Amino acid sequence: MNVLAICAHPDDAEIWCGGTLAKYALRGDKVTIAISTNGEVGSPTLPKEEIAEIRRKEAQEAADIIGAELIWMGYPDEFLFDREETRLTFIDVMRQAQADVVLTHYPQDLYNPDHTITGQIANDVAIMTTVPNIVTNHPPIAKIPVVYFIETLAGLNFHPEEYVDITDTIEIKQKMLAKHESQVGDWLKDQYGSNAAEMVEIISRFRGIQSGVRYAEGFIRAKAYPRNITGSLLP
Amino acid sequence: MNVLAICAHPDDAEIWCGGTLAKYALRGDKVTIAISTNGEVGSPTLPKEEIAEIRRKEAQEAADIIGAELIWMGYPDEFLFDREETRLTFIDVMRQAQADVVLTHYPQDLYNPDHTITGQIANDVAIMTTVPNIVTNHPPIAKIPVVYFIETLAGLNFHPEEYVDITDTIEIKQKMLAKHESQVGDWLKDQYGSNAAEMVEIISRFRGIQSGVRYAEGFIRAKAYPRNITGSLLP
Amino acid sequence: MNVLAICAHPDDAEIWCGGTLAKYALRGDKVTIAISTNGEVGSPTLPKEEIAEIRRKEAQEAADIIGAELIWMGYPDEFLFDREETRLTFIDVMRQAQADVVLTHYPQDLYNPDHTITGQIANDVAIMTTVPNIVTNHPPIAKIPVVYFIETLAGLNFHPEEYVDITDTIEIKQKMLAKHESQVGDWLKDQYGSNAAEMVEIISRFRGIQSGVRYAEGFIRAKAYPRNITGSLLP
Amino acid sequence: MNVLAICAHPDDAEIWCGGTLAKYALRGDKVTIAISTNGEVGSPTLPKEEIAEIRRKEAQEAADIIGAELIWMGYPDEFLFDREETRLTFIDVMRQAQADVVLTHYPQDLYNPDHTITGQIANDVAIMTTVPNIVTNHPPIAKIPVVYFIETLAGLNFHPEEYVDITDTIEIKQKMLAKHESQVGDWLKDQYGSNAAEMVEIISRFRGIQSGVRYAEGFIRAKAYPRNITGSLLP
Amino acid sequence: MNVLAICAHPDDAEIWCGGTLAKYALRGDKVTIAISTNGEVGSPTLPKEEIAEIRRKEAQEAADIIGAELIWMGYPDEFLFDREETRLTFIDVMRQAQADVVLTHYPQDLYNPDHTITGQIANDVAIMTTVPNIVTNHPPIAKIPVVYFIETLAGLNFHPEEYVDITDTIEIKQKMLAKHESQVGDWLKDQYGSNAAEMVEIISRFRGIQSGVRYAEGFIRAKAYPRNITGSLLP
Amino acid sequence: MNVLAICAHPDDAEIWCGGTLAKYALRGDKVTIAISTNGEVGSPTLPKEEIAEIRRKEAQEAADIIGAELIWMGYPDEFLFDREETRLTFIDVMRQAQADVVLTHYPQDLYNPDHTITGQIANDVAIMTTVPNIVTNHPPIAKIPVVYFIETLAGLNFHPEEYVDITDTIEIKQKMLAKHESQVGDWLKDQYGSNAAEMVEIISRFRGIQSGVRYAEGFIRAKAYPRNITGSLLP
């Protein structure tokens, strides 16, 4: 099976579904991580191009840990919009990944518009990936992928409907996250009150408590025709 | 695995989760169907005892089709209440069935109080089934069962979160339902506008359309500690 | 009364509110069907212009059955966006139709962005139709129209609040739908699991079961000031 | 048509649906007001029997204004419970009123258990009113009544889905309310911050603003099989 | 100000609002903890009376840490019901505590009926505490208390609307919890997957992350007339 | 503390949070009112530039009453869109106001897209105000502001979670509103059924009844990381 995580910023996939991606990879699924923006505002001191370049390398190293392919879409951080060109790019990414399953942001997240819009476009274009009359670099795929939404920042406005036990992959998840060294410093902690590693520990444990395991990640399947399914494609 | 459907009236289990129960049975799980009330108001002409007796036989014949055990709880139809004695009976039924999974009515159903209260008690007492200090006829079981809610009447106020493909068992489901001959006549159709067989056909197809198969049944897992789980126990 | 259905693709109005439109028409209301996109991706083999032209003719023939006027807005299929020019066109369409009532897609539909955005713009601009300082081809109308949302694809994420009995017009609805011959083939069935005629039959029956009639269509009135009303403008 | 308002305390029907009841009455429908409790705690100084007797007279005088029949059920104020005997009484009241429509409290109201439980029982037993095997003083009626929920106290937790224009009957509503002289004094105002007449004025105006008329009352139809309908039975 | 936490079992108040209660106490408010059931099923080995007695002592020691008064209501564990006698007891407890604020379980919790029913009765009777015609051991109080709902087990089905920073009192909370030694062993951990101390650590941190502090507790104010307020009575 | 109300049209801030802004101002907080559009469609007779100019003067006079600064953003009325340039302007406005708190429209409001989009952008960009790599006219601020949503038109689709008592400032609010003389005439009343002064009176009283005071305004805090807080920043 081919799994595509399409997230807004470098480190988002690691934070919200890294344990699940590792689990897919470990059982032999092909995993692709696509990042819609270039993360260029993610530093209090470095100029845009420099921090973007650093974060791309970090994302690549994190993806390498689980043998995932990285697709760097490169839209300007904090300024992604739902336009024809963007939709076509998202379609092309899904075709390139030959995605059976797409993990993406929850469109009702109030945290950040890159998240909201990435999730919205990813869900919106899923039905277009098979359509011959929509031409992109890669040919149409055969089957519309199923879409799962990952958790919002700090779980606000989000109740998981499905949980994945990541007890066996939490360490891989933390290692992947640790590759994002540029995001570990005091700046984010000052802004946000917690750093990512700590957030990941607490939230994965919280979802674990909710679902009877040590560490878990939570998801909601998009209730959208015709990509609503019987059973589940989560690992 | 041991599966317990605990429903309000004879024919409820068949209508809302008969295809799923057949699927469990076909793959070798032990299935029990418990019916909380005696169905004694289910006739426009027969006296209470007589129609109750008929319906008990019909329920037994329907259960026999999939080799399920039938537990007849016998509370008065339309007058089930949440009392100490009732709770203890529900606990004992779960212990008798050694239930790993319980399928029951959705407590937010506005259709019928027997449905609402059966679903509420079934969910409420799940955590008590393992407790030594609560003594019933059968000994405590080892693990709190997971609870799934079945659909409301006509799907009102209900959005499934999980679907089971019952294309292979829809015929068994219809055969089980057909055993409830006393409920097939014009009376119910006059009251309700549709008879059960027709409702089952339409609703199973509708849930199938929603989930990309021919026939399906829809469920919501109780989001209740500690019976919320990773993955799914549906077949 | 003047009724405007403003939908995303040729055949959407027929599928979701065709029975209701027929009922309006039969009682003498003036019905207009506006289609926001040109349906140009709706074929696995034909080029865009060709299939768009075919679908326009099909839409016209379907509208003719109930004597409805057709407004072909012609935006590119799957790529409708909320822009100034689009809003002005939607306003002008409502003014041209002199709409008292607008039936349109539900903005919380997750199925397709053309649906979501058509519904959102239609609701958004309803209040602008009466405003003199917003100039379009047709003059402002006197009264802000009332907006009703039609059902989502497969009824996902949608609970009707009002139902229209279409038992008397289901045949007309099916005839209108049958005019969309280009959409009947195996391609859509392969993609979607069901074809439109079958979906219409099942969903109309399902809504009928929910509301005590044979066939029904379901709606939600936009809870939006000042187009929220006492009573109902549905037929 | 026969209309039954079944509310918890004397003055509840007047406050939440008095304008609608007056409208039904004016157009010739038969209106019955049933009050489940005796209102015996509704005084800071009078003993229970005395205030109950006063309130019964006030309720009768209010009902007389619109020619409504009053059914005094007499359960102890603040201590209504969902029991077999209570259900049977509610069934009998609906049969006595030969109700086509029932207006009652919203079961999700958090204000007062008499409200919640009255609304819950009224909705629960609606389907039992036609059943021959449930015997009460009055014979079964022919058709299950449709249930509408009236507004909660101060509109908390309540969004109307249907509105009735009561501009023409607001004066009758206020006159009916004024008959409840025992509830007008400072005690309630001290407890609640507003007296009933003022609340009625403000809330009816607020619902009017929401629905484009001067005064309105808001309702939600019970989404419960088989008493969900096409169209509306509100006046 | 007088604060009353009214919870189902010994240790519930500590787990869900112990940090908030400590904060009230530290600033000089009078705190009362009432426990509706006797906790007699809370042991895999001890007989009912013995474990109930132990838990009462533990609850008293925990309350003593913050100088709170303990009210032991003593209903049978897992078998609390909404009856006249129970309501009167709850009213009397609120009068005894002269409560301005009540913290109690969330009635939509699906975890345990003692929780649900304690929360429901506590909210229901709040309006009865001031009524002279409802006589209990203690005289009526002057003002209807405001009700806040505490979190559900594992936060399932619960989104806090207000948060209290308990960073300064988390240690007191943990100390109070530690007094419940009978609940610390392996039995609960086996049943539930986590023990209480660990759950408290994780959930308090999770709510802290959500609200920008180190440790927090989350609440929802009952939206119920006339105990909905401007501002907040949380510390 | 610095408070920024960022609303769509001249008079919106007055109508929905004028009493709260006055309260902030009276206690010494610095208040800024930013208006995203120029209100140029707000007249049935005057040309766009003229009415826009008049409304700007009216907005200034209203702001002057409470000593608030006015920021006139000047986007075309009814045609605000979420674009890079717009986002940067919103960021700059928040930086100019050095906002600790932002009051803005509720993004789920169905009334008017200027409202929806203003609220959405305001919430979206709050997290960008502190980011050095996003350069606007004013330098980054130190702390991400907290966002509160104001009420929708006529309170449709909106349940306040927090209330502010504006009994002491209702007169100031009405005076501020009265400055918008161009909006008082019959045109709006004809369109909308109520004029603004009347709406403000009724809705403020309604929210007062809901929260136990004479006049109140209702709010929902954005549940968005990391601007969700313990306690409240409302006055």
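Which chain is which? They are A, B, C, D, E and F, in the order written, and residues in each are numbered from 1.
Definition applied: a contact is a pair of C-beta atoms (placed from the backbone, for glycine too) under 8 Å apart; a residue touches a chain by one contact, two chains touch by 3 or more.
In this text the structure is predicted, and so the values were computed from the model without any measurement.
With contact taken as defined at the outset, chain C and chain E are each touched by A, B, D, F. Contact with both chain B and chain F is made by A, C, D, E.
Least-squares overlay of CA atoms from chain E onto chain F yields a rotation of 180° to the nearest 5. By residue number, the contact pairs of B-D overlap by more than half with those of exactly one pair in E-F, D-F or D-E, and this pair is D-E.
Contact tally for A-C versus D-F: the pair with more C-beta pairs in contact is A-C. Using the average of C-alpha coordinates as each chain's centre, B ends up farthest from chain F. Counting every residue number used by either copy at the chain D-chain E contact, under half are found in both chains. The most distant chain from chain A, with centres taken as the mean of CA atoms, is D. One inter-chain figure worth recording: chain B and chain C are separated by 39 Å, centre to centre, where each centre is the mean of the chain's CA atoms. Taking each chain's centre as the mean of its C-alpha atoms, chain C lies 34 Å from chain F. Contact with two or more other chains is made by residues 154, 156-157, 159, 192-193, 210, 212-213, 223, 225-226, 228 of chain D. An unclassified topology is adopted by the chain contact network, corresponding to no line, ring, star or complete arrangement. Here, these are the chain pairs in contact: A-B, A-C, A-E, A-F, B-C, B-D, B-E, C-D, C-F, D-E, D-F, E-F. Here chain F touches chain C in the complex through residues 40-45, 47-48, 51, 76-79, 81, 110-113, 116, 152-154, 156-157, 191-193, going by the rule given at the top. Those residues of chain A whose C-beta lies close enough to touch chain B in the complex are 159, 161-165, 210-213, 216, 221, 223, 225-232, 234. Chain E makes touch with chain A in their complex at residues 154-157, 159, 192-194, 199, 202-203, 205-206, 208-210, 212-213. Considering their complex, residues 82-84, 87, 107, 123-125, 127-128, 130-134, 144, 222-226, 228 of chain F touch chain A.
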